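In this document, chain identifiers A, B and C correspond to the written order of the chains, with residue numbering beginning at 1 in each.
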Amino acid sequence: MVESKQQWKAWLYLAPAIVLLLVFTVWPIINTVVMAFMEDYSGLASIGGETSFRIGLGNFTKVAQNADFQSALRNTMLLCLITVPVSTVLALLIAVALHAIKPLQKALQTIFFLPYVTNSIAIGMVFAAMFNVIGSVGTRRPLISSYGIINDVIRFFGGNWVNWINSGSDYWANMFVLIVYIVWNALPFKILILLGGLTSINKQYYEAAKVDSTPRWRVLWRITVPLLSPMLAYVIITGFIAGFKEYTSIVGIYGESMGPVHAPHRLNTMVGLIYDSLASNNQGRASAAALILFGIILVVTLINLWVSKKRVHY
Amino acid sequence: MKVVLQNLTKIFPSRNKKSNEEVVAVNNFNFEIPDGKLIGLLGPSGCGKSTTLYMISGLLKPSSGKIFFGDDDVTELSTENRGIGLVFQNYALYPHMTVKQNIMFPLENLKGADRPSKEQMLERAYEAAKLVQIEQLLDRKPSELSGGQQQRVAIARALVKMPRVLLLDEPLSNLDARLRLQTREEIRRIQKETGITTIFVTHDQEEAMSISDYIVVMKSGLVQQIGAPQEVYDDPANLFVARFLGTPPINVFTGKIKGGKVYLGDQAVLDVGNLPDQEVYVGIRPEGFIVDENGPMICQLQDVEVMGHATSILTTHEASMNPIIRTLKDSDGPNQFKDGVVRYSIKPHKIFLFKHDETEERIRVEVK
Amino acid sequence: MAEQTTRVMQARDMQKTSIQQKIASFLGKAGIYLFLFLMAGIVLFPFYWMINSSLKSLAEYRLSPPTFWPNQVLWTNYADAFTTANLGTLFKNTMIVGIVSTLLSLVITVLSAFAFARLEFKGKELLFAALLATMMIPGELFTITNFATVTNLGWRNTYTVLIVPFLVSVFYIYLLRQNFLQIPNELYLAAKVDGTSDIKYLWKVMVPLALPTLISITILKMMGAWNSYIWPRLVANDEAHRLITNGLRNAFTDTTGDVNYPVQMAAVALVSLPLFLVFVFLRKYIMSGVSRSGIKG
């Protein structure tokens, strides 16, 4: 009796969630896949869009041949391949170091988590300020009034100042700033997860290693890393997924132009490209780009899972 | 390698920050463990036996006192430089390494001239595995082994670097009853074959008695008695030790000495010569009772348990501190008793007298 | 074997005296602390620089080498920032969207999690699995169609468009369901025997028991509203409905060159302050929520 009554009650409780999910999650999945194959379609008749279309792979080919897409793909890949390993290794070292100390552990842990609760746009602006050079940078004989704090530090140690993000700056200088910011932003989550993993490792493994006179680096490499491998796999996979969706960090530092003044869009990413297509009222192409992004994320995740299946000890 | 513990003391600061109560886990432990012997540290949980073991291993620092390996003072030496082998209660086998990798791990940490070549390492790992009879399991992971097999791997890993001292923390507690019996004989055999001074911790008195050369009985951080198992059993220093050793446990009575005789109620059960009159605790081992129609001790029969090789008679007595008195006799002879009454006479060397005060110390009697 | 034992051990004997051993252990610890302090310094530096810069005059900001604390502390930058970026309106909009969407989201999440955790109905497992599967798909894929949907519904530039599309989070439902499942079913059956209604049981028993999770969800949801940028910019970028992050970016479009950085940094500090306060007081909930999620906001 309870069961039959529960049937309709359950659906009643679920109704708001299901309705919203149908409209804003399920329908978009179907619609996006369909739209991706509708060439020259913008969908939004209400704002003067084109609603006639042909079925074909045109959106995909147009996206793939687009020079912007190629540079966006390259930027995204580069950011992923550099920031994920760097932030993972740094987070591992910090987590292990945090785990090894007693006094100040809680305080330091709090400090390391701080970047997590920040607004990526806002702090991106701080990073821009730190790297920004005030003066006529692009000209032949630059007149500089402030080099920015980072350049000041470099100059203090006797180095040459670098045009990081201003007009005329180098692509790799731009990327460097981005990488620093993204790593800084990615650390807290990884440290939190890895530290959580470390505390759940049985202390006796370390005592056993101590009895056997194991040197510190060997404990790290032979015991900690393998025992932490499920968490490492987790932060690497989520790191890659987040990396492929990188967008707001760039907006934070470079503004919506997605690049330094002399080369806008140079630092555009996959997600940025999707929004560009939306803004130019090209739903079909945006859908194709989104599907390509999904495909890449899926493949990378599967590769990650495949590697971790061989390497991860559960 | 002999191991000397000198005034060894461990005080843990109170966990509660507000109160300043300290916990004295081990209090002034003195013992010289002879070379090549098997020592059982025995006591109820919280008695300080594991703390003692961990201090010998160096994983815990003593609050005061000294530890010597041979003539070397190792008190200040950290664990990794002590050259000990330690088998943890739940083995602490590295789950991601195979048995072979686990056993070889300590060897790979050796440096300089001590470091064997790869072949030597393999050979020594194989030797150690053979010693504990797991040489056919070398390529398995710990999760694919039974508890007993994991135990052996842990022992092999502790032995492979040829430690000066082997320490075992509750080595049998995670095994089922049958394996426990088998494994403890195994530990005895391995210890004899290698001749390594071995110290193990247990709360199971039978386990400690059966394989140790010496047992150390501890209670609340204090050593109660040290000696060969049979010695301690036959000559307990106090009521605690008497109660802790032996299955079935000793029967304890409140009695008194009056005019050179020990009385349980109004029954005089033992002559004690010229001991002064006083209240005492009286402990009688289950095997110390002889069914005797003319015996001085009169008990009310409750039940008879037949075990095959022996018979256990359950009775009550007004002076008994336990609800039931359990006595053992061999299975020969009658098991029938008239009127629900059993009369016993007592073997004088199986009865112990203890002071009726906080110390509960033994009162020695000249047995004629 | 016994013979070998003593030989090997004597060779190794006392290789390290206790003093050497103490020095090594001290150096090791010192190295660890040094590394941690260095990294902590790097992590904290942008915050320090933000506050330092926000209190300087423009002339002092342009000094090279820079001053590491303002010669003259200029609080007026904060007032300027507040008016320049129209932060009052932005705060108000963001709070309205944040609070309303959090409350509605909590109700929906609690009801759904309860249904999945405690009620029996046909297709429960299948539906739940389907929900979890949607978590794998990147949000950008939904955004395209949702953009069209809300445009066609005429929701552009309203609070509704900022609240409704993201009310349901499959992840929060999952999190709460797991929490609900830990509450013994006997409690529910006992409540049924006593004639307690479902809603009353939910409110009196399950919600209090799952409170830590609900608080985590609330904080993450509020932080999400505070930090959301992409969707609000797409669909509600008018003065009346603009949210804080977007407003900040709009008010200071230039990031490079000779910008009035002190005021800009003051604005950034003002936007960061509420997050910082939430972090200081509710760190426990954020960290426990995050360690189970890995989703920012």
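We take it that a residue touches a chain if its C-beta (ideal position, glycine included) is under 8 Å from a C-beta of that chain, and two chains touch if they have at least 3 such contacts.
As the structure is a prediction and not an experimental result, all values here were calculated from the model.
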Inset, instruction - Please flag the chain sitting at the greatest distance from subunit C, going by CA centroids. - result: B
Inset, instruction - Select the chain whose centre, defined as the mean of its C-alpha atoms, is least distant from the mean of all protein C-alpha atoms. - result: C
Legend entry - Centre distance in Å when subunit A and subunit B are each reduced to the mean of their C-alpha atoms: 59
Inset, instruction - Please report how many Å separate the Cα centroid of subunit B from that of subunit C, as a whole number. - result: 55
Inset, instruction - Could you give the separation in Å between the centres of subunit A and subunit C, each centre being the mean of its C-alpha atoms? - result: 15
Inset, instruction - Identify all positions of subunit A at which a residue touches two or more other chains, and write them in rising order. - result: none
Inset, instruction - Indicate the residues of subunit C shared as contacts by at least two other chains. - result: none
Inset, instruction - Would you please write down the residue numbers of subunit B that are in contact with two or more other chains? - result: 78, 81, 161
Inset, instruction - Give every residue of subunit B touching subunit C within the complex, in rising order. - result: 1, 36, 72, 76-78, 81, 83, 113-114, 127, 161-164, 193-196
Legend entry - Contact footprint of subunit C on subunit A as seen in their complex: 2-3, 6-7, 9-11, 13-14, 16-17, 20-21, 23-29, 31-32, 35, 43-44, 46-47, 90, 93-94, 97-98, 100-101, 104, 108, 110-130, 132, 134-135, 144-147, 149, 152, 156, 165-167, 184, 187, 189, 192-193, 196, 216, 234, 238, 241-242, 244-245, 247-248, 251-256, 260-261, 271, 274-275, 278-279, 283, 286-287, 290-291, 293-294, 297-298
Inset, instruction - Spell out the residues on subunit C that touch subunit A in their complex, using ranges where they run on. - result: 28-29, 32-33, 35-36, 39-40, 42-44, 46-47, 49-50, 53, 61-66, 107-109, 111-112, 114-116, 119-122, 124, 127, 131, 134, 136-149, 151-152, 164-168, 170, 173, 192, 198, 223, 226-227, 229-230, 234, 244-245, 248-249, 252-259, 261, 264-265, 268, 271-272, 275-276, 278-279, 283, 286-287, 290-291, 294, 296
Legend entry - subunit B partner contacts - residues on subunit C that touch it in the complex: 1-2, 4-6, 8-9, 11-16, 18, 21-22, 25
Inset, instruction - Give every residue of subunit B touching subunit A within the complex, in rising order. - result: 57, 59, 78-81, 84-86, 88, 90, 92, 94-97, 105-106, 108-110, 157-158, 161
